[in-house]
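Paired with subunit B in one complex and with subunit C in the other, subunit A is shared by the two complexes that follow.
Up next is the complex of A and B:
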C-alpha cells in the first residue's frame, strides 16, 4: 500500500503588489510569498507594511487618540506629513469621509483638492478611500483619479460600483482595493469581475472587511486565512495581498470607555485593543495594516516578521 | 345603507353568480367555477387576477399592481374587490384567464425492459384497465393502460383546478387553513380534476373496460389532499408530512367518481415534506436505483428536488429554488403557454434578440426555457457581467422602466400585448438565486456523502422544463454543477413514466415502496455548508468558474 507524501509547499504564489511613491519616497511592495505567515518554510520576500489613516471631516476621537493625533485633526496635509515622517507610516490611507452628506458633505472638488494637497505634502504611497455614499462616490472616484498626479490606490471597488472605480483607476493608471463583506466567495467574485474588465492583477488589493477584537475579529481571521490558503493553492483570483483596517477596533467600548475604572488606563487600553487586532490580522496573513494610533506603527512593524 | 347586493355576471363565460357581501370577486368566481388566474391564492401579492368591473364595487385598486389609467378604466384586482350594491358585470381580462395547456409530454423510462406483470389480475367480465397518473402542481397527466397486455390505450392532460386557489403549494396550504371550507374546496377541486381526466381517458379509449387499478404520483401536498389528510404540518418546522406512505385503498374511500370507485388506488410514497411521490416515480423511471454507477436526478420546478445515489444508497433534498423558471418572480415571465417565447438568441454585435414562440403567434412573455436562454445569451454577448449587472454593451437595446434599467427582448410593435417585453436586473437576480439554489442543492448532497463531481456518471433532468431547456444555456449560467454535457439525459415527465412502469410491473411498485425507506432525506435548512455553496452559485456561471471552463469549455463560453 502506498501512502501519499505530504506536499512540501504550495503550488501558488501571492501576486507582488507595489504601492508607488512620489519622488524621494519609498514605494511599498507586499505579497510575493508562497507560504503562510508564522511558518518557517517558503519564501517571504516582502514583510507586511503598516500605514496610518488620515481622515477628512469631523472626527470624534477616543481618549487614546485625542492626545496623539488630535492636534492634526482637520489638517490632512499636516497629518500626512506627521504620519509618514515622525511616526514611520510606510503608506497612508486617506479617507475622504468628509464628503459624506452625513459628515458635513464636503464637495467633490474639495475632496479632490485634499488628495492633491496630501500627495504633494508627502512622497509616501497613498490609498484614497471614498466616503461610503453611493451617489457621492460615483462622482468622487473619477474626480480623485483625475486629480491624483501620481499613481494611488482607490478604495474600494465592490459589486455595485466596480465598473466606475476600476474604470477611473484604469484610465489614470491607479490601483484598486477590492472589497467584500467577510465572504471568501464574494472576494473571489469581485476579483473575477475586475479581471473581466482587464484590470491588471498586480494592481489589486483585497479588503476582506476587518472586524475589531471582540467584534467580529474571528470571522475576519478565518476569512483571511481561507483567502490566503486558496491563493496559495492555485486560485489566482484570490492570490492578492490583503489589506486590513484596524479602525473597527476603535468602535469597541473596551477601547474607548473611560468610565470603567476597573478596566485600567483608557489610553493604554485603546492602543492595545488596536494593536491586538493588528497582531491577529498579521497572524492570519494580512499584508497591509492601517492603524490610527501612532505608536502602533512601530509596534506592529516590529511584529511583522517573516 | 346601499341596496342589497345583486347578481354578478362574469364575462366572457356569461355566468351569473349570486352576490354575497363581504366576499371578494375572486371568491365569487371560484364559487361559480369561473376560470380566473390567481397565482398567489388571493393574497393580493401577484396582481394577476385583473378584471374589468362595471357596477358598484369597493377596493381592488392596488396602485402597485395597476396604473392610474387602468384604475380609471375600471380595472380591479378580483381578490381585493368586493361588490357593494346592485348588479355587477365583471369581465376577466385575457391575461388573467388560465390558458389551456394541450401539449402532452411523455416520459422516458430508462430502467430497462421487463416482463409485463400487472399489479392485479382481476378476473372480471370486461377488460381490466389501469390508470397511471401524474398529479402535478399545475398540470394533471394520465395514461390509460390495458391491463391484459400492457398496451397504452389513451393519454390526456388537464390543468390542476387547484391553481385558482394558489399557483404554488404553500399558497394552497395557506388557503386550506385560512379559508372556511378551504381544505374541502381544494380537495374537491383535485378530485374533480382527476375524475375529469379519467373520464376523458376512458372516452378516448378504443377498448371499453373497467378500471381496476390506479397508480398516482404526486408531490407530498397533493398526495395529502388526495388522501384526505391536512398538509398543514408541511409548512411549519420541522416541515414533516403527516404521513409518508399511503396504503392502497379503493377509490370510493377517497371519494372518486364511479369510474374508479371500485379500482384500487395506489399513491406513491413521499420521501419528505418537499420531496414527494413524483420524485420517487422519477427515480423509478431513471433506473438510477438499479445501477452501480452514481447518478444525479434533478426535478426542476418551484421546488427543485435533487436525488443523488445508486442501487445501494440514495440521498435527496429539496431546495426552495423559486419559481423563476415557471414564469414567477420575473416581470415578463409566463408559463409555457401559446405566446410564450421558448428560445432566444442574441446577436453579439447588435445585441438584437431573435426568438421562437410557442404557437407561432406574437410573443407575450417568456417561459422558463426562454428565460434560461435569455440569461445565457445576455451573458455570452457580454451585456451582463458575471454578477448579473448590465455592462456598457448593448445599451442601445435597453430602456429605463419603473423597475430599473431593462433589456428590451421584444419591442412593443412586435409583441402580443402592445407593451415591450423587457428583462431587468432584478429579474436576472431572481434567476441567479434560483439557479444558485438548485446547483448548491446538488453540491450539498455531494458534500454530504463526500463524493467529488467526477463520480457522477449520469445526470437525469425530469419535468417539463427539464425536457425543453437548452442544456448549453443551463450550463452557461451554471444551473447544474459542471458535468460534461454527454452525461445529461432529459427524462420528460418522469413522474408519469414511473407511475406507468409501476402499473405494468408489480415489482416496480415494490421497488417504489422500498425507495421510500431506502432514500435519505437531507434537510438543507440545517446544512451548515449550504449557504456558502449558495453564495458561490450567485455568479455567472459560478464562483468556481475554473471548473466550468475546464469541463465545459467546448460547450459554453465560460
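Up next is the complex of A and C:
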C-alpha cells in the first residue's frame, strides 16, 4: 500500500550565495534550495555551513570555552588558523569588537590591520563584523573594505548604516550581511533598500538576530521559519540565506554556571547549550551558523544535511 | 483542511427557517465556519450534514493521554504545522529509560536520577515526563515488579517497552496508572488486544509510513483506539522526515488512518540520540524515549521544548517586583523595566554585565515589552509612580532616583510630578546599559534628606 505524502511544492528559490575563499581555500556556497530544511524533498544543492567566531578585544570565556579556545583567543591570526585548520570551521566570522570604546577602543587602523592579518593567516572565507558603536563603525567599515585584499562579507548593514556599509562593500567587491531585530518586515525592508542601491542579491545574507536557548530562541526560530516560507513562496526580498550567531547561547547562566550541582557538568552543558541553539536554527532553516566551541563545528555539521 | 462557509452552506437545508437563531442559512454557515456555532443548533439538518460537519470539527490530530491526574501526559491534538500560525499545544513528551535487569541498587539510583531531571526556569517547572521501562530480563514477574517500583519511586507515568508476556504482567500490576504499551512489532496483535481490553494507549511500531499504515490498521481492527505511531527510523535524518510527514498527513491531508501522535525510541544504540531529540522537539515529535539521564543533556532539551511550545501570542511573564542584581545596597541604582520575560532577562543580563549592583523593578504589564506596554497604556507615569510607592523600594534605598528605559523618556516628567522621584533617562537599548551604568556618577544616588 502506498501513501501519497502531501509534500508542499514552492514557486520560489533561495538565492545561492558564495563566500569567496583565498588562494588554496574552499569557498562556501549556501542557499539555492526550493524546499524546507532537513527534509529529503525538493532541491538542496548546498548544505548549511558551520563556521567559527574570531574576536578582538577583551574576552571573558566561560568554563566550557576557556580550556579549548582560551590559548588562542587572544591572537586573532592564530585563532583563525586553528578554527579553519584544526577545528574544521568552513568560514570565519571576525568580530572587531575590540574597536568599541567600551572594549578597549582599538583604533580603526588597528582593526583593519587585524583583518589583513587574518586574511593572510588562512584562505578560509571571512565575514568581518563591526564593533557595534555607530560612530566607530562608520569609519571602520570603509577601512576594512579597503584593507581586505580579497572579497569578504561585511556585517552588518542595518537601517541606520546600510548606505555606508553597502557603499563600502560595493566599491571593493565585498558582500554584506543584512541585519534586522527579529522582525520580518524590517528584514524585507533592509533587502529592498539594498536592492535599491543596486546591491547584487547573490551577495547578501540575512542575520535575523539569534536569541540564545532559553532567552528568546523561540522568536528567532519563528522569524527564520517565516522568512524562509516567504522566500520559498516567491518573496524575492526574503529569498536569502540566513546566518545565525550562536554566541548568545554563552550568555545564558545555564551554559556557564558551575555552581549548580543538579545541572550536570558545566563543560558538557555549555557545549550542549550552544549545540541545541544551533540545531533549532537549522530546523527553522538557517544556512550559516557561527559557533564558539570547536566541538560544535562537527556536532552541528552532523545535522547540516543537503 | 477545514470547511469554508460556502462548503458548509451547501450541506444545510437552505430554507432560512431561523430555528438556529440566525436569519439565514448562510449566516449560520459562517458562524459554524468561525467555530462559533455547532450543527446541533439546526434541527432540520440531514444526517449526512451532521456527519460531515462533526468530522470536520474533530481535531486533525487526535489526543492521546498517558498516566493520570497531575502527571497525565497529553500527546497530539495539534492544529498547525508552524508555531507562528497559532501555537503548539502539547509539548513533546520526554521519557528517560531504565532497564529491568539492573541490580536493586542500580535501579533505585537510576530512578532517583530520573526524578532529579526537573528544573525551575522563568518561573515554570520543566521536567522529564515519563519513565520508559525496558524489558531486558525477559522475566514477566521481574518486569511487573520493576514497573511497580518505578511508579512508586517517581510517580511518573510509564512507557512499557516489553514483549507480550512481561507486558501483560506489568499491565496487571500497574493498569490504573494508565501506562503506554510499547510492544515490539512482532507482538502487536496480543498487545493491541490487551490495550483494547484495558482501554490503554498503545505505541504501534513499524518501519516507515508504509509499515505504519498496515500496523495501525491491525491495531484498530483489534479494538485499540488510543494509538501512538512509531515509524522506527534508523537515522536522525529519517526520524525528522517521518515525523514531518506524519504531521502533514494529519493536518494537510486529514488522513485519518495515519493521524496519530508520533513516538521515537532514541535509545538502544540509535545514532546521535541528542541531535535527533533536539530536532524532533523542533519538528513534530510527540514522544521521545532517551537513554541519557544526564542533566547536561536534559536541561537544554527541556529548555528548547519550553521555548518552542510557548504560545507566541502569550509570552512568558516574570513575577513583578523588586529584583536585586549582585548585592545592591541602599545607594545602588534603581532601574525599571517590564515583566515580559525576554525583556527582563535581557535587562538583567546587561546589568549583570555592567558589574554594578542594582535594584531592578519589574512592572506588571501583562508580559509586554517596554514599547508595547507603553503603547497599550500599561506602562505609564501613573503605573510607575504607583509601583514606586507600593513595592517597597523606598525602604531598600536612601536615594530617590529612577533609571527609566530610554524608549519611554517622555514619561519622566509625569513620574517626577506624581512620585517625587527624580528620573534619569537610560539608554534606548538594553545593550548600552553596561557602559551607561559604569559612567553614572555615584553622586546620582546620594540619600535624600528631609
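Keep this in mind: the second predicted complex is superposed on the first by the 298 of 306 C-alpha atoms of A that agree within 3 Å, B and C clash if a C-alpha of one lies under 4 Å from a C-alpha of the other, contacts with A are read in each partner's own complex, and residues count from 1 in each chain.
One rule holds for everything that comes next: contacts are C-beta pairs under 8 Å (C-beta built on N, C-alpha and C of every residue); 3 or more make two chains touch, one makes a residue touch a chain.
Quick caveat: nothing in here was measured; it's all calculated off a predicted structure.
Taken together through their common subunit A, the two structures put subunit B and subunit C side by side without a clash. Within the superposed three-chain arrangement, the count of touched residues of subunit A is higher for C, of the candidates subunit B and subunit C.
Using the contact criterion defined above for the overlaid structures, shared-chain residue A:89 touches neither subunit B nor subunit C, since it reaches no partner. Within the superposed three-chain model, A:229 lies in touch with subunit C and out of touch with subunit B [touch as defined at top].
By the document's definition of touching, neither partner reaches A:246: not subunit B, not subunit C. When both complexes are overlaid on chain A, the residue A:268 reaches subunit C alone and has no touch with subunit B. Of the two partner chains placed by the overlay, only subunit C lies in contact with A:284; subunit B stays clear of it. Shared-chain residue A:159: touches subunit B; no touch with subunit C.
Once the two complexes are overlaid on the shared chain, A:221 sits against subunit C while remaining clear of subunit B. Rounded to the nearest 10, the angle at the Cα centre of subunit A between subunit B and subunit C in the chain-A superposition is 70°.
In the superposition on chain A, A:102 makes contact with subunit C only, not with subunit B.
By the document's definition of touching, of the two partners only subunit B reaches A:188; subunit C does not.
Across the superposed structures, the minimum distance from subunit B to subunit C, using CA atoms, reads 6 Å. Within the complex formed with subunit A, the residues of subunit C that make contact are 82-84, 116, 119, 121-122, 209-210, 213-214, 236-237, 240-241, 244-245, 248-249, 252-253, 255, 258, 272, 274-275, 278-279, 282-283, 294-297, 299-301, 303-304, 306-308, 310, 312, 342, 345-346, 349, 431, 434-435, 438.
By the touch criterion stated above, subunit A contacts subunit B in their complex at residues 159, 163, 183, 185-186, 188-189, 192-193, 196, 235.
Subunit B meets subunit A in the complex at residues 385-387, 389, 391-392, 532, 535-536, 538-539, 543, 545-546.
Within the complex formed with subunit C, the residues of subunit A that make contact are 1-8, 38-40, 101-102, 132, 211, 213-219, 221-222, 225-226, 229, 251, 254, 262-265, 268-269, 272-273, 275-276, 279-280, 282-284, 299, 302-303, 305.
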